[in-house]
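In what comes next, subunit A is part of two complexes: it sits with subunit B in the first one and with subunit C in the second one.
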Partner chain A sequence: MVEINIQAESDYQLIEVRGEVDASSSIELDNALKSAAENYAKILINLSKLEYISSAGLGVFISYLEELKTNDIKLVIFGLQEKVREVFDILGLQHLMNITNNKEEAQALLNGK
Partner chain B sequence: MENKLTISCSKQNLAKIRQFVADILHRQAIKEVEAHKLVLAVDEICANLIIHSNHCNPTQTIEVYVDFQPAEQVTFVIRDQGISFNLSTYAEPSLDEIVSSRRKGGVGLMLVKRIMDKIEFSTEKNYNICKLTKKLSE
Partner chain C sequence: MLSEKLKIRLSFLAGILSWLLFTFFDLYLLFVDQYQLNVDLSAILPQIFLTTLVLSTLSYYRYTITKADSINFIDLLWRVFITGLVTTIGSLFIRLFFYIFGNSTISENPFTVNFLYNILVGLVVVYLVSTFVVWKRLILYQKSKNLIQLWGFFEYALLGSLIFDLFGNKFLSVNFNTALIFLGGLGIILAFNLKWIAYLNFKQKWKSILFIILSGIYLYHFLLNLMNFSETGALNLDLLDRAYFVSLFIFIILYAGISILVTLFNLPTSSVFERKLQEAIDFQKLSQSIPAGQSAEQTYDILLESSMSAVFADAAWLEINGEEPILLTRGVTTLTVKDIKESVRQDFIKKILSQQVSNEFAPSKVIGTLNHPDFKSIIAVPVMVQNEQIGSLALLQEVGDAFNREMVDIITTFVNQASISIENFHLIREALDNERYKEQLKIAKSVQKSLLPSVLERNDCFEIEAYSMAADEVGGDYYDIIEPSKDIFNLIIGDVSGKGTSAAFNMAQMRGIFHSLAQDVSTPKEFITKANSAIGRCLEKNSFITAIFFVINTREKKFCYARAGHCPAMYYSASTGNITLLEKEGLGLGILRNSQYNEYVQEETINYQPGDLLLLYTDGISEAKNEYKKQYGADGLKSSLQNHINAPLSKLKDMLINDLLKFLNGNKLDDDYTLTIVRFK
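What follows is the complex of A and B.
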């Protein structure tokens, strides 16, 4: 079961993903990212309450990487628990995505450059 | 093998399969981060079997066995009667290819291959059998 909370901040959208993202629930993450990418140039994703992610969820993130680049949308994820971070690392996604430890670092990266 | 779960081919049952495997690994005192990866590998195989081999048909079932013989090793056996999967004809895509194609699938088996020591697919009577093995540290 996944729970996705969406919050509009001044110049970015904050998405919090809680629970478990697997093949049965990844569609909800997909819908949230699709909507955010259509409406915002900056997206922050809080994964601190994410307990589990399988390839279905990772696949959702991966499927947006090109679109984000093409449309100059900045997406930063933060707060991954160690067990979840390991899963991102197995595929080397830390080299393809912006991943930070906490919200402050994520915001700094979002507003950097 | 005493640790066995038989469950119908519905994506909603993946959480139950993960719980079943996690409980067994927990009883064996396997460290959380390691157990998490093993649970993920089983989940990936089961998701593939439920979705691709059995088309989420809830009248079909899959069976998951967990075994710790020989010692210092865990073996997962997953059996189903759907369309069989041929690993020998599976060409693993590169992550770059998946990124540029913008598709959402394709990294499941990649994860399983990197987590487990061995993946074997076979067919026996009317069953497809997937066997995953991993040496346990400590």
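What follows is the complex of A and C.
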């Protein structure tokens, strides 16, 4: 079960993902990312309420990596719980994605570079 | 017990014998009387044989006349008619005899008279008894308990009258009249059981009236004949002095008379009854159309036909939406259908015809009027399957206000039944499809099983055990080991993102890549890098594979590994007793599909000692959750390994699985999970 809240901020899109992302609910995540990537150059994703993400869910993030890079869209995810963070790290995604501890850091990263 | 056939034959034989003996003793008594012979012969003997004649005839017809059924009423009446015809022809011969030898001595001879009379008696007995049995069958059609009791009482009373007759009471004596009134009264009560008439259609009613009238005429003819004989005064034994026969006559005439009247009065309503019956039959047809292996189209045909006949519609059409829209019409053209749709005045009917009905359905609103040159009335009923309108049925009449609520109810029932049939049809088809998919998956499962090594390499340098289980029929976990050159072993564990069939296909690709690359790569990093570029070309954008690749050198007792985003393997060192995670940096295969990939991959070489152990697993194990949503985690697996570290390898594998299942406590695993254990020697 996943709950996705989308909030449009002044110059970026804030997406909050709550609950669990598995094969079936990853479609919702995909839709949210898709519309964000079409309309915004800066995307913040709050994963502090994300309890679990399956490999299919990770696949959604991975599928956008290339597109974000070519279109010069900045995406920062923040607030990962330890278990979720571990999953990202084991897979090696910390090398390819911007991951910060909290929203402030994320915003700084978003605007800094 | 005697068989039915034998009983019939015995009854027949007994009947013939009884008649012969009856006639013999009757004439013999006459002879004795005539010539004043001093022979001591009881006058009761002919009476007794007349009684046995009646009983054996009764028994014969009881076995030969079948039970009344809605299909054989006319057959039963036909039987009465034919028996009557045959016996009457017999009696006509007797009349002919008297006509020819009218005034000769032979016709006045008491022996001749009595002999002929006895033949007539035999014919009358046959006719009366057979008709009685048929009447019985008709009366007892759809019998109740009370009716059976009353009928039983009546039969015993008739039997009583047979015995009563042995005492030779004369016609119209007090006892005789009492018996007649009593039996007649019972007969009247019984004669009003005429349920069978309701089941006759119009034509059958006319037929039965005809047959019953003819049966009555035979009866009248017999009665006249018997009376003629009585008047001669030459009779030794007069049938009309027998209460049994007189009451039988009365009963049969009563029932025939009442039947004719009731059938006559039922004639005008028979069309209504026939229609109701037809509705029931149509209903049955609809509900059975699918199991009978017919297609949905045939159900639509039956629905259209039966609906039309149920409401006497002049024309109708049935429109079904779907992948292949269907428009069945009767008495209207497709063009007229379009016209009529436009000439409907009621909004609700418009909604039905344009297939826009949602859940609510008001029977009162489906009757409408039309402003059309040919048709003035319409009923439109939506065809709903699972609360969704799949089509509409429209029935038309040339006159205005032709339909009523009752008709709507019938049509609605028909439509509902058809919907259920169609729904069942879909369900059956789905079930069949599912069965086929299951079969396919079974095949896929066995194919996939063959992709995993069935026998793992065993040698003097290490032992190896593996276990793999897919959450669905097929899964995306992979492990394998090959020996590309002497003392070098390449070991892999892999996990395709997602699960199920798509994961299984990618797993098969991974296997191909492993078998082709592992033969000639020298380092794990080389393998991982090459595998990444190979797999990157065939994976979907959102799929990836995690893996760990080991190169084990048993001569130098060392192994080297690289981790491609897979959950870190555990390494147990026998000398220190510690379990460490092999967590060098790495990135899942297919995540980064360019040359930068190898920047993220590191490898590590470890020198092992005999007794050291490697535990490879997939995240299905570490992410397994129990009922409280707590993850088993790498920690759970690690402590389980610590606990059983000294067990023989195959036991160790089982223990690790057992510990995991214990933790899950019946919770189902929703990911594929795989274990591979290597213990060095």
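Convention: the second predicted complex is superposed on the first by the 113 of 113 C-alpha atoms of A that agree within 3 Å, B and C clash if a C-alpha of one lies under 4 Å from a C-alpha of the other, contacts with A are read in each partner's own complex, and residues count from 1 in each chain.
By our rule, contacts are C-beta pairs under 8 Å (C-beta built on N, C-alpha and C of every residue); 3 or more make two chains touch, one makes a residue touch a chain.
What you see is a predicted model, and the numbers here were worked out from it, not measured in a lab.
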Once the shared chain is lined up, is A:A56 touching subunit B (first), subunit C (second), both, or neither of them?
both
Go through the superposed model and pick first if A:M1 touches only subunit B, second if only subunit C, both, or neither.
first
Which of the two partners, first being subunit B and second being subunit C, lies in contact with A:S24: first, second, both, or neither?
first
Determine, under the contact definition given at the top, whether A:A108 touches first (subunit B), second (subunit C), both, or neither.
neither
First (subunit B), second (subunit C), both or neither touched by A:L91
both
Where on subunit A do the contacts from subunit B and from subunit C line up?
22-23, 30, 52, 54-56, 58-60, 62-63, 65-66, 83, 87, 90-92, 96
Where on subunit A is subunit C touching in the complex?
22-23, 30, 51-52, 54-56, 58-60, 62-63, 65-66, 83, 87, 90-93, 95-96
Sites on subunit C touched by subunit A in the complex:
495, 497-499, 540-544, 546, 565-568, 583, 585-588, 591-593, 600, 619, 623, 629, 631, 670-671
Mind pulling up the subunit B residues that touch subunit A in the complex?
11-12, 14-15, 18, 32-33, 36-37, 39-40, 43-44, 47, 50-51, 95, 98-100, 102-108, 110-111, 114-115
Would you tell me which residues of subunit A are touching subunit B in their complex?
1, 20, 22-24, 26, 30, 52, 54-56, 58-60, 62-67, 82-83, 86-87, 90-92, 96
